[in-house]
Amino acid sequence: MALLEVEEVFVRFGGVTAVAGVSFAVDDRQICGLIGPNGAGKTTLFNVISGIYRPTEGRVRFAGQVVTGQPRHRMAPLGLGRTFQNLALFRSMTVRENVLAGAHSAGHAGFLANALRLPAARREDAAAAGRAAQLLAMLELEAVADVPVADLSFGTQKRVEMARALICGPKLLLLDEPAGGLNHGEVDGLAELLRDIRARFDLAILLVEHHMNLVMRVSDKVVALDFGRKIADGTPEEVRSDPEVIRAYLGDGGSHAHAA
Amino acid sequence: MSAAEQTAAVPLRRPETTVAGWQRAALLLAGLALAILPAFLLESFQLFQLTMAVIMALAVLGLNIVTGYNGQISLGHGAFFAVGAYVTAILMSHLDWSFWATLPVSAVVCGLVGYGVGFPALRLGGLYLALTTFSLAVAVPQILKHKAIEDWTGGVQGLFLVKPDPPSWAPFDPDQWMYLVAVLVSAACFLLAWNLIRGRIGRALMAIRDHPTAAEAMGMDIATLKTRAFATSAMITGIAGSLSAVAVEFVAPDSFTFALSISLFVGMVVGGVASILGSLFGGLFVLFVPNIAETVSKAAPGVIYGIILIGFLFILPDGFAGLLRRLYARARRGAG
Amino acid sequence: QQAPGVTANEIRIGSTNALSGPASSYSVISRALTAVFKRQNDQGGIAGRQINFIVYDDGYQPPRTLEQTRRLVEQDRVAFLFNQLGTPTNSAIHRYVNQRKIPHLFLATGADKWANPKEYPWTIGWQPSYRTEAQIYAKHILEQKPDAKIALLYQNDDFGKDYVNGVRDVLGPRFDAMVKLASHEATDPTIDSQIVSLQSTGADALICGIIPRFAAQAIRRVHDIGWRPLMFMTNVSVSGAVVMQPAGPEKGIGLITSDYRKDQSDPAWANDPGMNEWRDFMRRYIPDGELGDNNYTYAYGVASTMLQVLRQCGNDFSRENVMRQATNIKPLDVATLLPGVKVQTQPNNYNVIRQMQLQRWDGRSWVRFGGVIEGANV
Amino acid sequence: MPMLLEAKGLRAGYGPTHVLHGLDFLVEDGGVTALLGANGAGKTTTLRAVCGMVKTEGEILLGGENIAGWATEDIARRGLAHVPDGRGTFMELTVEENFRLGAYVRRDREVQADFERMWAWFPRLRQRWKQQAGTLSGGEQQMLAIARALLLRPRLLLLDEPSFGLAPLIVQEIFGIMRRIRAESGVGILLVEQNANLALELADRAYLLETGRIVVSGPAAEIREDEAIRRSYLGY
Amino acid sequence: MEGLAHQIIAGIATGGIYAAVALALVMIYQATHHVNFAQGEMATLSTFIALSIIQAGVPYWLAFLATIIVSFVIGVVVERVLMRPVQNAPVLTHVGVFIGLLLIIGNGTGWIFGYTTKAFPSPFSSEQPLLGGLVSAHELGSTAVTLGVLVLVYLFFRHTSLGLAMRAAAYNPRSARLVGVRVGWMLALGWGLAAAIGAVAGMMVAPVVFLDPNMMLGILLYAFAGALLGGIDNPAGAVIGGFAVGVLENLAGAYVVGTELKLTVALAIIIGVLVVKPSGLFGRVVTSRV
């Protein structure tokens, strides 16, 4: 059974149909690329999977359980982590605090336990702090750990989001354009990192990215959308050579544009 | 990029000091000693003023939890202050409870009221919430006066009560004792609030303020956290209300008009939004600055107060806490 | 023999008032009192001593009243307290001053609880209580129309509620059957809705316990909707200049009030020696004061009373003696009070002004009718 | 004839932190200058400095006139358009209103014609004409930001990662558009772009930034060819 | 039944007052994204100025015009002098400054002009009361003026590029600068216009409620509620909201709870409506997505 199953999902905003009957699945430990032209509905689909939008029709199964209609905050404890296309950091907080905030769903201490600093709360805090330190090191954020995120450059902020999404040890990580704002070298590094993350954290990744090079390199499979419909689903090679995908998305010079 | 991003809702926080456990304990003790000292140095009238300032600071702290840290603007915290004061006053004057016994009741009642207010607050943001809470501030005096509960509240005439007596073993006069009570209760609340803010919940409250959608994606249950933040905040402000009832030994609807809510809000802004220590300064400001204004001009002290307030905000737009943060940053740069 | 707040050449007197905030319209009282004391000082003071009148702002907030009063008593060490403003504010210090035995004199509030020498011997009011005034109106109505339906419009605070209590005193068990109530908040913009409601009850008498702005509105609106009840207005809100002229003087014809003060805008007092004394004072000491504001005549009256007490003290300004003199004032005429209305106190009767007289607006001025009524005995 | 843009000893920072430590660079009339460098090198800050969004020291000559210290709006009125990172569209307003604002300072009669040009380039935006900009997809917003900047009819265009979030096809188109406007109307471009290959292909001059200093500068073609530079600074 | 009709008519008359002030709030909101809590006090100050001008013997409409101009200038000056220095400060600091402003203007007005209640002339002086005395010619006239102002405000924001620029500056000052909008002046202009509208409101309100320094204290709350009920970004909504609050409040007082709690109940109803429609009845829903 697949980890994530998207079944016949439709999303309409007034007159606009952003997602029109998309189905696909992501297996455990799989890296799945999600590509498509601008406005194809990728981010919308992400928002459906992570529970931010409720689909007009269709449903999403995660780890065997139908999660459509669940409250939004239930997704993280189930093992879903995500980053955002346009950065959604807690701007007044430092890098470390942002990452620690990501550990929220791993903890249980409530108002009283926190106010009284009960041992359980302290243990939780210490554990989270330890994991945060590891992740900061791994993502090379140690130097800026105590800087408010608003003071960081765009690319650095993207990495903070990644750390924040990882700290809870999700089973599925949704990454919305993680390579945005990275240069060639950094993109290569990112590819390594993604594989590394999968190995270390034992998770699956659903990756939205316009950086074809990256997608093709790391993905086990790729799903392509256009105008909200799925136009291709297969191995990177299959999708890359799919005429529909070339027409709608890559263009003839597609490989040229983002090739390195 | 939205406007909100440019003028962040709150000043960006610089990293907190990291001090070792024993240092913290030493600091805490020193602070407590410093707080207790005035009881033996000041005249009783000044002590009364300081008592009121501490009480205001505690009320501002409550407001800061929900507005400063959690970003839910409340212009009506005077209402919780009033509820706390009345709970204590009613229990003491009608049922002859001791002051100490009324405190937990007052905290619980205020917490419940705050929890209730938290629900519409879930749906309403920004100005809409400001209106809602402000309405609460405006409505509370009317409700207190209402004939249905007049027998309990004393209607427009209010209720009288008495300060808690100093314990027989203690060599304190009632004013000193009242001050110590206020300091101890407040110190306990400040400490708990400090713990709360530094921990998992505090981070969640701030995260929700900064980016609710991302907060939800991190597994934060916004509805629960926000309503509980409101309850906690109301509880703290309500305890301040209880203290004020015994310190003044009188409650009446006119003690809790919306002017009180405005005062608390001013205290929060000048102290520093989302700052625990700032709340303390805010309490001192709203208590003492009106008196300073008055010494400048008897003809229109309100005008002077307004001028001082605006002038203060010109110099320290992020409040007293902002000054502390800058001094701290400079000290650190100097050292490092 | 050193009494607190009194030295060989100074007597310190303390007061609080709303110098800031929404109630600051009353701050002119403090201003006028200060001016009267200044005039007294210019004339040599009292028993060779200058009066030092200290006023602090309480913003009409009871906790601040306590704070400021304590400052006056404990820090400034005033001899006594005089004419502090407001009912809730004075309530907040009622016990404090009585425990400390500090004279708490001639308060600027018309609640009747200040005349309670048994429990609170150190506190004494000045003006006739609103409750007494309401009693007078209720009695008058019963005389004129024994089975009247009475509408009562009041401000929802201690001031307004005293009118409800006064009417209830007179009507007793008949109150609920005879009286229809409507209240408003001080912050309401208009009271049209209340008036429409009261009219629709079919009432034929209307008593108003409301402040000047609403009084002007009420007089105008009642007239405009063609309602012609027997209408009574609290004497707080009957100034010719501030209420009747804005409302439209012809719209108030027939309106009844009972006052103890002379209305300075009434031509009848144009050449009155008492009012001339007041005008002379205003000209010399408060040249920019608004002559239409009857807080000035009020203040002049209460300050005159205070000076009388101080004169009576001789050379003994101890708190006990000040209180003794304040509660032993022989019937006294005061410049700004109506003829026949006296200031007087006895140790067992703290109602300083007990008389009032009904008067009716004739479109230009107030016309007194009936005799002087002894309110406290109603 | 003066350069379109010339920065001399440009320094800038945020509050007490200094980010740029004295940069000198040029943009020729109708020329494209690329600014490259790793995350946090100060590229964005450089663009912000040029259009007066951060406090600066040093000289910034726009057509020979020193605009250092000017207000952003005055610089914009001198014909400098900026597509900032994070896009800088008006999220709460409609696409149409964003267009109108783009042409806000213009008084000529060709605004409508320019609208139509943008529609032709970005048909998506026309489809979303009455939609609130904040509901556009990331790439659509980027198109809107670029259209908005072009509607100013700038002399100098500052672009902060214009390819960000755009699908490969659109990226090609945008770079095509840049070539065209540069050729047709002599617009100069100061370009920050992570895709160094693409940027260097378009640019005629390039600067490499490292922690607020220029470490390499020269004709774009040379840098593109220079294997060593590519390896050590551009990572490919 | 007649009573009900009378209550509604009286409510509409009072609602006109709220609507006028609500418009000024919408104006300042569109221009700055704040609600200026000192708006009422500023309007009162303007009205006192108007009275002084009229008492100096200037004909009403000339004084009206002069007051609008003076108020506009006051608004601009307040923005330049008091708001400018805290332009980049956190949002709540602005609220702090509004409170300071409220204290200064509120207390200053009484201090300068005195506290006594004053009559303020109406330009629509027909002594003939209408609809059984429930509505005066003045109330009809002032409603017409309010509607006139509404049309102007509406046209300004929807159909002028200045109006658009002003909204843009409020939403996103940084981007607005990038397209050449002089954000500083937009804010100042917004304050000026809001003050001018406030002055009109004050001059329309004062003949009904009489002029004193606290005239607007309660009105502002109702106007605030009305503006939010209708939708703070929609001038027409704010006006409708203002009228609705007037009627609602009267009906609540007359038929639901009695007058002692009418304010409380009216506010509770408004909040109830807002909980269902969080951006007001006619407000635009601004979606933000991630």
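The first chain written gets the first letter, and so on, giving A, B, C, D and E; residue counts start at 1 in each chain.
Please note the rule applied: a contact is a pair of C-beta atoms (placed from the backbone, for glycine too) under 8 Å apart; a residue touches a chain by one contact, two chains touch by 3 or more.
Because the structure is a prediction, the values reported are computed rather than measured.
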item: Shortest chain-hopping distance from chain D out to chain E; value: 1
item: Taking each chain's C-alpha mean as its centre, the one farthest from chain B; value: D
item: Chain whose average C-alpha position is farthest from chain A's own; value: C
item: Mean-CA-position distance for chain C and chain A (Å); value: 73
item: Between chain E and chain A, distance of the C-alpha-averaged centres to the nearest whole Å; value: 47
item: Chain A-chain D separation of Cα centroids, rounded to whole Å; value: 29
item: Residues of chain D engaged with two or more neighbouring chains; value: 84, 86, 88, 91-92, 134-135
item: Of all residues in chain E, the ones touching two or more other chains; value: 103, 107, 110, 171-172, 174-175, 221, 260, 263, 288-290
item: Residues of chain A engaged with two or more neighbouring chains; value: 43, 52, 84-86, 88, 151
item: Contact footprint of chain D on chain E as seen in their complex; value: 161, 164-165, 167-168, 171-172, 174-183, 286-289
item: Residue numbers on chain B that touch chain E, as the complex places them; value: 1-3, 6-11, 67, 73, 120, 123-125, 127-128, 130-132, 134-135, 138-139, 142-143, 145-147, 213-214, 262, 265-266, 268-270, 273, 299-303, 305-307, 309-310, 313-314, 317-319
item: Residues on chain E engaged by chain A in the complex (per definition of touch); value: 289-290
item: Residue ranges of chain A touching chain E (in the complex, touch as defined); value: 43, 47, 52, 84-86, 88
item: Contact footprint of chain A on chain B as seen in their complex; value: 5, 8-15, 192-193, 195-196, 199-204, 206-207, 209-211, 213-222, 228, 232, 274
